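Quick one: structure below, then a few questions.
We call the chains A, B, C, D and E, going by the order they appear; numbering starts again at 1 in every chain.
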Amino acid sequence: QDATKGTVNVVGFSGVFADNYQKFIIDAFKAKYPGIEVTYQQSKNSAETLALLTLQRADPKVDVALIDVSVAIKANKEELFTKLDAAKVPNLADQPEWARIDGDRSVAFSQDNLAILYNTDKVKTPPTSWADLVDPQYKGKIAAKLSDTRGVILLPILTRLKGGDYKNSVDPGIEFLKQIAPSVSTFEPAPDCYAVVQSGEVDLSICWNGRAQYLHDTQGGKIGVALPKEGSIGQTNTIGLVEGSKNKEAAELFVNYALSAEAQATFAEKSFYGPVNTKVSLTEPVAARIYGTKEAQAAQSSLDWNFVADKYSAWIQRINREVIAAN
Amino acid sequence: MDAKLARFAFALLITLLYLFLLAPIIVVLVISFDTRQYLAFPPESLSFGSYAKVFANVKFISAFWRSLGIGLFVGLVSIFAGLLLSLALSRHDFRGKGAINFLILAPFLVPHIVLAVGVMLVLGPLGLLDSYSGIFLAHLGITTPYTVRTITMSLMAVDRRIEEAARVHGASPAMVLWRITLPLVRPGLIAGAVIAFLISFDEATISLFIVSVKSSTLPTEIYHYLEYSTDPQIAALSVILILISVGVVVVVERLIGLRKAL
Amino acid sequence: MAAVRHSSSDGSSHRGMLLLLLLPGLLALLTTFLLPLIWLVRASFASSAVAALKGGDWTLESYRTVLYDPFYWKVAWNTLYLGVNVAIFAVALSYPIALFLARTKSRWRGVLTALAVAPLLTSSVVRTYGWMVILGDRGVINAALQSSGLTDGVIRLTNNYFGATVALVEILMPYAILAMLSGFGRLNTQFEEAAALLGANRFRVFTRIILPLSLPGVLTAALLVFVLAISSFVTPRLMGGGRVFVIGTEVYNEATVTLNWPLAAALSVLLLVLFGSVILIYQRAMRALET
Amino acid sequence: MADHHLEIDNLVKTYPGALKPSVDRVSLSLPRGEMLALLGPSGCGKTTILRMIAGLIPVTAGEIRLDGRGISAIPVHKRNMGMVFQAYALFPHMTVAENIGFGLEMRGVGKAERTERVLKALDLVKLSGYGERRVSQLSGGQQQRAAIARSLVIEPALLLFDEPLSNLDAKLRDEMRDEIRDIQNRTGVTSIFVTHDQDEALSMADRLAVMSEGRLEQIGTPRQIFDRPRTDFVASFIGAGSFLTGTVVAPGRADVPGLGILHFTGDVPAGGKARFLVRPHRFVLGEGVNAFSGVVEHVVYRGQILTIAVRAGDHRLQADLPTHAATLPAKGDRVTLSVAPDDVTLVGEAA
Amino acid sequence: MADHHLEIDNLVKTYPGALKPSVDRVSLSLPRGEMLALLGPSGCGKTTILRMIAGLIPVTAGEIRLDGRGISAIPVHKRNMGMVFQAYALFPHMTVAENIGFGLEMRGVGKAERTERVLKALDLVKLSGYGERRVSQLSGGQQQRAAIARSLVIEPALLLFDEPLSNLDAKLRDEMRDEIRDIQNRTGVTSIFVTHDQDEALSMADRLAVMSEGRLEQIGTPRQIFDRPRTDFVASFIGAGSFLTGTVVAPGRADVPGLGILHFTGDVPAGGKARFLVRPHRFVLGEGVNAFSGVVEHVVYRGQILTIAVRAGDHRLQADLPTHAATLPAKGDRVTLSVAPDDVTLVGEAA
């Protein structure tokens, strides 16, 4: 089998991500390997991707999946992804340890940081700290979707802020959230955490950096992004080679490219997703837009995703019950 | 005097209630002419820009055609299955009729979100998620009860003696169906098809569970669009769809009357 | 009347014919309604999402979760409470409209009927956005109140239980109106005239004649609205600002966020049980009304 | 029952948007205790008059007086009228007793007295023991009696019936007629009975008011209406008969062209034209004062009577003959029909 | 028309699930060209018989023969029957001509011949020029004629009518009777006419078959049925009358307890009990052979006749008196009624 020929079917995130991924990763890959066709199928969300992979397990039609780390870990429990062979995917060597999940079944390739968005018309002094969320001037003017990955990432951040360790207990984080809760206008910002800032419905919103930066650039700067000085944690996207892929060789080439410093650097510059590959070095302006100030960059941390995946549902339940329902 | 006052008060009450009922639609209508990129009231300045954007939105347009196609096909098949069922139920006596009647009524009562989970679980292993056949099947299940109802109503309105007259005067059973029964229940068939179409065309809940990018319908496309943005485009699209639906409803009302249809 | 009951006499072909008539429709209902329900129940006994799809490894875990977790009791209670509130208000607000439509001889009756059900044809998601614009902190009502000087601060009308209730009431009113219109069969102006002749003034005609005679329609409408309200999820989620926890939102969350399909299925079954009991009560009530 | 009577004075009703009045200057008056039948073809305005009396629709012009007092300003629920509707309009959600007691309840009559009066009313209409039944558990005839009881129990100033018998079958209708007449006799309540059935009107009412296209054609006792119809319309609407037009040649004698001399009783000056009516029953077979012979063209056997049509001269005479006569004519027979001058009805002078 | 006649032999119909038969061993036969009226109260099985003849429902037992050949195995659409339904059952989505042509079309008759025969049928029922109308544009009477034409055009073996007149008003009903009889006479088609109206049956049919509870009570000419009813049921179903039961004391003389001696014509041996019927019309006012005097209890004026009820001894006699008599009795009057022995109907011997 000629590895440089064939088709790679990729399933991944939709929307702007898909546009950028097509443009900056897939097209570049195809320029390198003209013999390989790459199709990109958009999926509504990672849960749906997981459902798709589960249903196709006997006869996979998908070769490569881009998927949230927490969902990836679920998928790995069902052995939906295959362990990558370091010989076939040499760029694995450049990934940090935390990024090589479940024995290289899933590998992190980018991170989208949680940030505080603000409406530039109404907020003249941007917040600088997660603690600003309890500032009384924002009472009733915050949008915070907490009952998903956002909450799951915010909990360790706030726990650390209070001097705790999420692996011991997230109680400090929960307590912090309880302080923020009365200021929250909506826990279900509609349509999403960006638009409510854009429209001025709220002043602040806890949201993802990448898309906010993109909206800041394209929508007249109404949305400002504050990356708190205490640092953030990225919502981690992983890539995985589907177990039983019928185009394994070509797919391995694609995964290898996706993990390359070149690919990740380009994607970081164009879409402000934090790169994972240790060889990538970002220019200062790009780094600032992904991680914030130098101080924030230094404070940036990552999670033990296997641990978090295990707690995922429980944490969301705690947020729902102790923070939202009690509010 | 007293009676006049009472009548005025009642008219006022009805007006207010209508206002309440139509409030969100009125708001959507007004907003559809706004020029800002988000939904707010009142509009800053008015234009038809959003309508132009809707017609230029490739996703909406292609989802529209897809929904139209699925809706038409669902309507067609649904009246076919509905007609046969109605004929069996209204023209024959047999054991298990009660059970079948219940089975037809039941989908009215089961919440779509519950059905959606089940449909997803059934279609998944069959490889029918995110496929036309999948949506078609799912929609067929929720529309057939409606078509059975409208067609049964029409059938019941047909005087059995007219069919008997045809038989006595020499028409075989097939001829009676073709020449007498079908023409007479035509309003019910059309109404059934229209209702099935509208339901399919509007259905979001179940579709959201089984549809993805490939087979997205207009309602799921709207839902996903709304996940990331709310701008006057969505208001404009809604207004367009309301106009289409109202047009269709007027046709149904003309044909058989709404009350019987729903 | 008797003639209607005469069934086909052509004996031999009868059975085959019947089968032919029944088959396509039943097949459709089987695959798209009955099977999904059975699968749903099956999934509620599965140990994981994958098991829900593949089968095997049955457990009562999901039911244990639902039954032993006070949170779900709270959710069930919230759901009932929302359903009852929405049913009461939707029916109360729809009743005058339905009565008006049932009795008016106006030329506009057709148009007014169409207007009353037109909202039915508008995506409830879009209508929910309409309500957000109306009830929002900077929405129509708050703006009007403030500019008229009645209030100076923002009145929180949405992102809470109130907002969810208002939007659901409006969204379900067309169903209530339709159900009442078809349930008002016994209303007949002759009864009202007879009552007036016997000395009943307008008020008494209403309370003693119109109201009792329209009760079956009201009950049907209440049932329908209740059933639709307790299974709704988009509106409570969006209008409730995430604060309204009902079975519908939980099913959606478990099915699409945490991917706990067995739990989603178990919650759905709980909803079905709730449904079944309400429908039983309704049937009792109708029977009581009829005799 | 209260002591009063009803006067209707130049009553007019033009429905909104209608081109011509549905009731056109109708005047009549009812002595207390009388039962009047309002008779006429469909659409002639009978129901409209009844509804104006009841107050269900406003009058366009004219006046309705009860005991000399105008009642136009009194709203329906204070008029104290009893009305029996065509489909009875019994309240389906109440028992028979509740239906009957409704009017009393509205008048604030206490429970004890109400129960007593309802029982008496049930007794009056022979429904004792049916009080606790649901309306749907009554037969058509019983429903009617319940409707009458409901109207009577309030001791109405007037009892109005709008074709209460028209949806009963023939047998029950006959029984109900007697029953209504009987109840009306016993209670003495002044009543107006609307019908388009002449047989019903003739057999039930003290007087008949015959209407046509909104106008009152004639009012009188059944015999007056039947034997002395004042117009062609009344003559032909009430019963069949043969119309003859002739020139009066001498007092009590007219020359009917194409038939011969007709002897009649009545004052029409000689030289005038007059219109006559002979009821089929008034003809007898055989010679007599007015004897006309001709060929039997048509024979219909109807059990008690044989209806024949005889071509006599230019006329076709219709006669009802009792079937117990020794020999009955058959089609094609030549027969002679005669009619006594007293049995020739003078309908009016012809133009 | 084809040359045939109909025989019904011990016909039984028990509906599935029914406890007793709706039609119980009915036998009768029709000579060709005859019009038979099937008469009886509601639910007696008239329609059921008609539907079995048409083949719309299977027979439970017994046989139906046409020209001597059993037809039970022939399906409806091949039986070649004409049927006129109660509400006509015209096809509402077709024109009058299409309705009439339907049977021919089903028989594969070509378009040209069909058009011609439809035109002839339209002519026959006096609807020429109405062919292109929609059914809804016809009056009730015209609809009926169209329905008859639709049945006649296929030259049916039998023409069946199921109460076609029962939802017309009195005036139209009379006209339609004549019309149907006329068309039947002209075409000579053997017909069965179902009705529960005795007047209709008596005036239209050649013979009457009176049914009760699924059984055939009596079959005969109108006069036979009216004047010689074989059972109480027939006697009371067809026309009113006073029943008298007495012991025959001598030939032609019976002693009716509580009344006196009744003279009659008929052979009943002395000592036997017999049951008699006197039709109201047969009584005359005044002395005669059978004279009974009593007090008038009830008077109903009906235009041509006055119906009175007279209490004579233990009996209540009902009499119809012509209203042209010089003086008419009033309630409370003492009168003498008499009836000729010939007019006393012997219904049967009593138990």
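The working rule: a contact is a pair of C-beta atoms (placed from the backbone, for glycine too) under 8 Å apart; a residue touches a chain by one contact, two chains touch by 3 or more.
Quantities reported herein were computed from a predicted structural model and do not represent experimental measurements.
Asks: Name the chain pair with more contacting C-beta pairs, choosing from A-C and A-B.
Replies: A-C
Asks: With centres defined as the mean of C-alpha atoms, identify the chain lying farthest from subunit D.
Replies: The chain lying farthest from subunit D is A.
Asks: Tell me, please, which chain's centre (mean of its C-alpha atoms) is farthest from the centre of subunit E?
Replies: A
Asks: Please tell me the distance, in whole Å, between the geometric centres of subunit A and subunit D computed from their C-alpha atoms.
Replies: 92
Asks: Quick one: subunit C and subunit D, Cα centre-to-centre, how many Å?
Replies: Taking the mean C-alpha position of each chain, the two centres sit 55 Å apart.
Asks: Based only on mean CA positions, could you tell me how far subunit B sits from subunit C in angstrom?
Replies: Between these chains, centre-to-centre, one finds 16 Å.
Asks: Find every residue in subunit A that makes contact with two or more other chains and list them.
Replies: In subunit A, residues 48, 51, 54-55, 190, 200 touch at least two other chains, as defined above.
Asks: What are the residue numbers in subunit D that touch two or more other chains?
Replies: 75
Asks: What positions in subunit B touch 2 or more of the other chains?
Replies: Those would be 3, 39-40, 120, 124-125, 161, 164, 173, 226, 230.
Asks: For subunit A, which residues count as touching subunit C in their complex?
Replies: These residues of subunit A touch subunit C: 45, 47-48, 50-51, 54-55, 71, 74, 78, 140, 145-148, 185-188, 190, 200-201, 312-313, 316-317, 320-321, 324-325, 327.
Asks: Touching subunit B in the complex: which residues of subunit E?
Replies: By the definition above, subunit E touches subunit B via 54-56, 76-83, 85-87, 89-93, 102-103, 106-107, 150-151, 154.
Asks: How about subunit C: which of its residues touch subunit D in the complex?
Replies: The touching residues are 186, 188, 190-191, 193-201, 204, 208-209, 212-213, 215, 289, 291.
Asks: Help me check something: in the complex, which residues belonging to subunit B touch subunit C?
Replies: That would be residues 3, 6, 10, 13-14, 17-18, 20-25, 27-28, 31, 39-42, 77, 80-82, 84-85, 87-88, 91-94, 100, 103-104, 106-107, 109-115, 117-122, 124-125, 137-138, 140-142, 144-145, 148, 160-161, 164, 173, 198, 202, 204-205, 209, 219, 222-223, 226, 230, 234-235, 238, 241-242, 245-246, 249-250, 253, 258-260, 262 of subunit B.
Asks: If you look only at subunit D, which of its residues touch subunit E in the complex?
Replies: Residues 169-170, 197-199, 202-203, 222-223, 226-227, 238-239, 279-282, 300-305, 307, 320, 322-324, 340, 342-343 of subunit D touch subunit E in their complex.
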